[in-house]
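Presented sequentially are two complexes of subunit A, the first with subunit B as partner and the second with subunit C.
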Partner chain A sequence: MEIEIISFGKISEFIKPQKLEISGITHTDDLKVYLESSFPKLSGMKYKLALNKQIVQQNCEIANHDTVAIMPPFSGG
Partner chain B sequence: MSEKKIKNIFVAGPIDPAFIADSIAKHGSKTAIGGHSIFMGQVRRDEVDGKLVDAIAYTAYEELALEKMHQIREDIFEKYPLNCMHVYHSLGTVKAGQICLFVFTSSAHRKPAIDACSELVERLKAELPIWGKELFDNDTHQWKENI
Partner chain C sequence: MESERYNRQIILSGFGKEAQLRLLAAKVLVIGAGGLGCPALQYLAAAGVGHIGIADDDHISLSNLHRQILFSTADVGQLKTAVAANRLREMNPGIDIVTYPISVTKNNVLDLLENYDLILDGTDNFESRYLINDACALLSKPLVFAAVSGYEGQLAILNVADDQGLRTNYRDLFPVQPGAGEIPNCAENGVLGVLPGIIGTMAAAETIKLITGIGKPLINELLHYNLLTQAQYKMSISPAQDYTLPKTKTDFLKMEYQDSCGLSTGYTEINADQLQALQQERSVLLIDVRERHEVPILNKEIFTQVPMSEFDNFLLADIDAENIVLICQHGIRSVAAAEALQEKYGDSKNLYSLKGGIIKWRDYFSTT
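Our next item is the complex of A and B:
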């Protein structure tokens, strides 16, 4: 299936917005493993995912054409 | 489902002190209010390894931030007897010394306004997907992280 990846802050400097063809990945926990091996810089960092504009708090199922945002710690204000 | 009106909080560039003054003035007609509390965030010229912060460039996951802000707003209105609540946050470049955040709460008596304002600032710094990139005077940068 195909998902869309967007990223923010520091992470946007090494992961550009892109469409990702993934197979065998059904949940966000698997996706994290996949992302960290595809983008080694990510593995040492603190980050959160948002699936279709919802912050991922627990392992969530991913569907075709979902959008996943990769977000480093917030620093607003 | 209750009707949900998502308010925008984002302002392009710095928040003009005249805008803040005008916002205060507008409350003159709301005579049930007896106390206002205001917090303003200002970009600090920090020194990091001998380099000075010239400005902070803010970006956000806007849709998610506005959705989250809507929840925070509802929580705060539920918790405190407020007459008004206003929140503005900059996007884009804000120079050292300029205002990047404006939080304004009003209530009949002082305590709810003060407590709500303080809780709002804490929650929005922790929960809104906004990122600040500190731009130094030698053209390098570092990403801020809220503690």
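Our next item is the complex of A and C:
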């Protein structure tokens, strides 16, 4: 299945916004593992996912054509 | 109330005298009179928010002026709070402005927030942001959160119940405070002055909406803004279950808010709640550095045992784990171990030491 990835802040420097073909990944927890192994920089950072504009608080099922946003915390002022 | 001053907003459909009186009665504390605080303060004062507090211990420097537009070149070296208050009083003498030229700490923040109905966080570091978030949650104070990074900004209204009675706070987004050097700040990363101008102005707009009841404020929503593309992306926030907030003043005073961008130690001291959150959030290597005879004995499947007496040998091999938590009886040897790892790996790994050790968090370890 294909999902759309949107990334923010520093994360967008190494995970470009893209359509991502994923197979065998059905839930957000699996997607995190996949992203952290594909983009090792991510595993050393605090980040949050949003699935279809809902901040992900537990393992959520992903459907074809869903949008996943990946964001780091910002502190600047 | 000077009706003429506020005429153009009073005549707005849906605003009127009633909304203006609400602004006049409101007490708003702006923490951080910097890139976000300056424009927010300007619009709040101009709009007639009746009581405004400004907290910042910093002095104006030349490199502030491209974005901190309340200040002029002649003000360099002056206290931000004093100059900001003077400018705002000139702009609108009809409102009451109080300055707090202090650094907000866990020892003064609760007293500071007590006098205000609404808090606008325009600070520039995670230590302050987590401190302010937890204090607002403890005191049930609405918090307008605004932050920038690079060309992007984040904006949210936290700690205000939505239609269903749900309220969220910053830890529902990021439960654990980032470690030293993990996320660059404006001083390291750079910022175009107009970006905090936009986000700070949006924060003022959200504050005014909350006070007057107009429109649909960003309650339980996170707005992401990109200056380069003008793209906005709004996400809804729901409460998370993977952290605990301090529930009493005593608990709050025990919290650790490490300076994550100033005095860098290369490792972060964490408490048991943060440890639990870390474990749930990502893969971590947990190392028990006590000697083999020490009790209580921890589950060896979860906690890798590397006694300090063997630590030098352990350092010879390379460790793959990105996130390493060091644990000992009282949280002292674990600091030494974290320092040794820091010396070897620099900032390439996230190192944590459990402050107070197993003895302090024995309830946590008895259930693990």
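Note that the second predicted complex is superposed on the first by the 73 of 77 C-alpha atoms of A that agree within 3 Å, B and C clash if a C-alpha of one lies under 4 Å from a C-alpha of the other, contacts with A are read in each partner's own complex, and residues count from 1 in each chain.
One rule holds for everything that comes next: contacts are C-beta pairs under 8 Å (C-beta built on N, C-alpha and C of every residue); 3 or more make two chains touch, one makes a residue touch a chain.
Just so it is clear, the model here is predicted, and its values are computed rather than measured.
A.B. asks: Identify the partner contact of A:Gln57: answer first if only subunit B is touched, second if only subunit C is, both if each is, neither if none is.
C.D. replies: In the superposition, A:Gln57 contacts subunit C only.
A.B. asks: For A:Gly44, is the partner it touches subunit B (first), subunit C (second), both, or none of the two (neither)?
C.D. replies: The second partner, subunit C, only.
A.B. asks: Subunit B or subunit C: which reaches more residues on subunit A?
C.D. replies: Ranking subunit B and subunit C by residues of subunit A touched puts C first.
A.B. asks: Which partner chains sit in contact with A:Met71 here, subunit B, subunit C, both or neither? Use first/second/both/neither.
C.D. replies: Once the two structures are laid over each other on A, A:Met71 reaches both partners.
A.B. asks: Regarding the shared-chain residue A:Glu36, is it in contact with subunit B (first), subunit C (second), both, or neither?
C.D. replies: second
A.B. asks: Residues on subunit A in contact with subunit B in one complex and with subunit C in the other?
C.D. replies: Comparing the two interfaces on subunit A, one with subunit B and one with subunit C, the shared residues are 6, 8-10, 50, 53, 55, 69, 71-77.
A.B. asks: Within their complex, state which residues of subunit C touch subunit A.
C.D. replies: The touching residues are 32, 34-37, 122-126, 129, 146-150, 152-154, 172-174, 176, 178, 182-186, 189, 191, 196, 222, 224, 226, 233-241, 260-261, 281-283, 322-323, 348-350.
A.B. asks: If we count contacts the way the header does, which residues on subunit A are in touch with subunit B in the complex?
C.D. replies: These residues of subunit A touch subunit B: 6, 8-10, 12, 50, 53, 55, 69, 71-77.
A.B. asks: Once bound in the complex, which stretches of subunit B touch subunit A?
C.D. replies: Within the complex, subunit B contacts subunit A at residues 41, 58-61, 63-65, 67-68, 89, 100-101, 121, 124-133, 143-146.
A.B. asks: How about subunit A: which of its residues touch subunit C in the complex?
C.D. replies: 6, 8-10, 36, 40, 43-46, 48, 50, 53-55, 57-58, 69, 71-77
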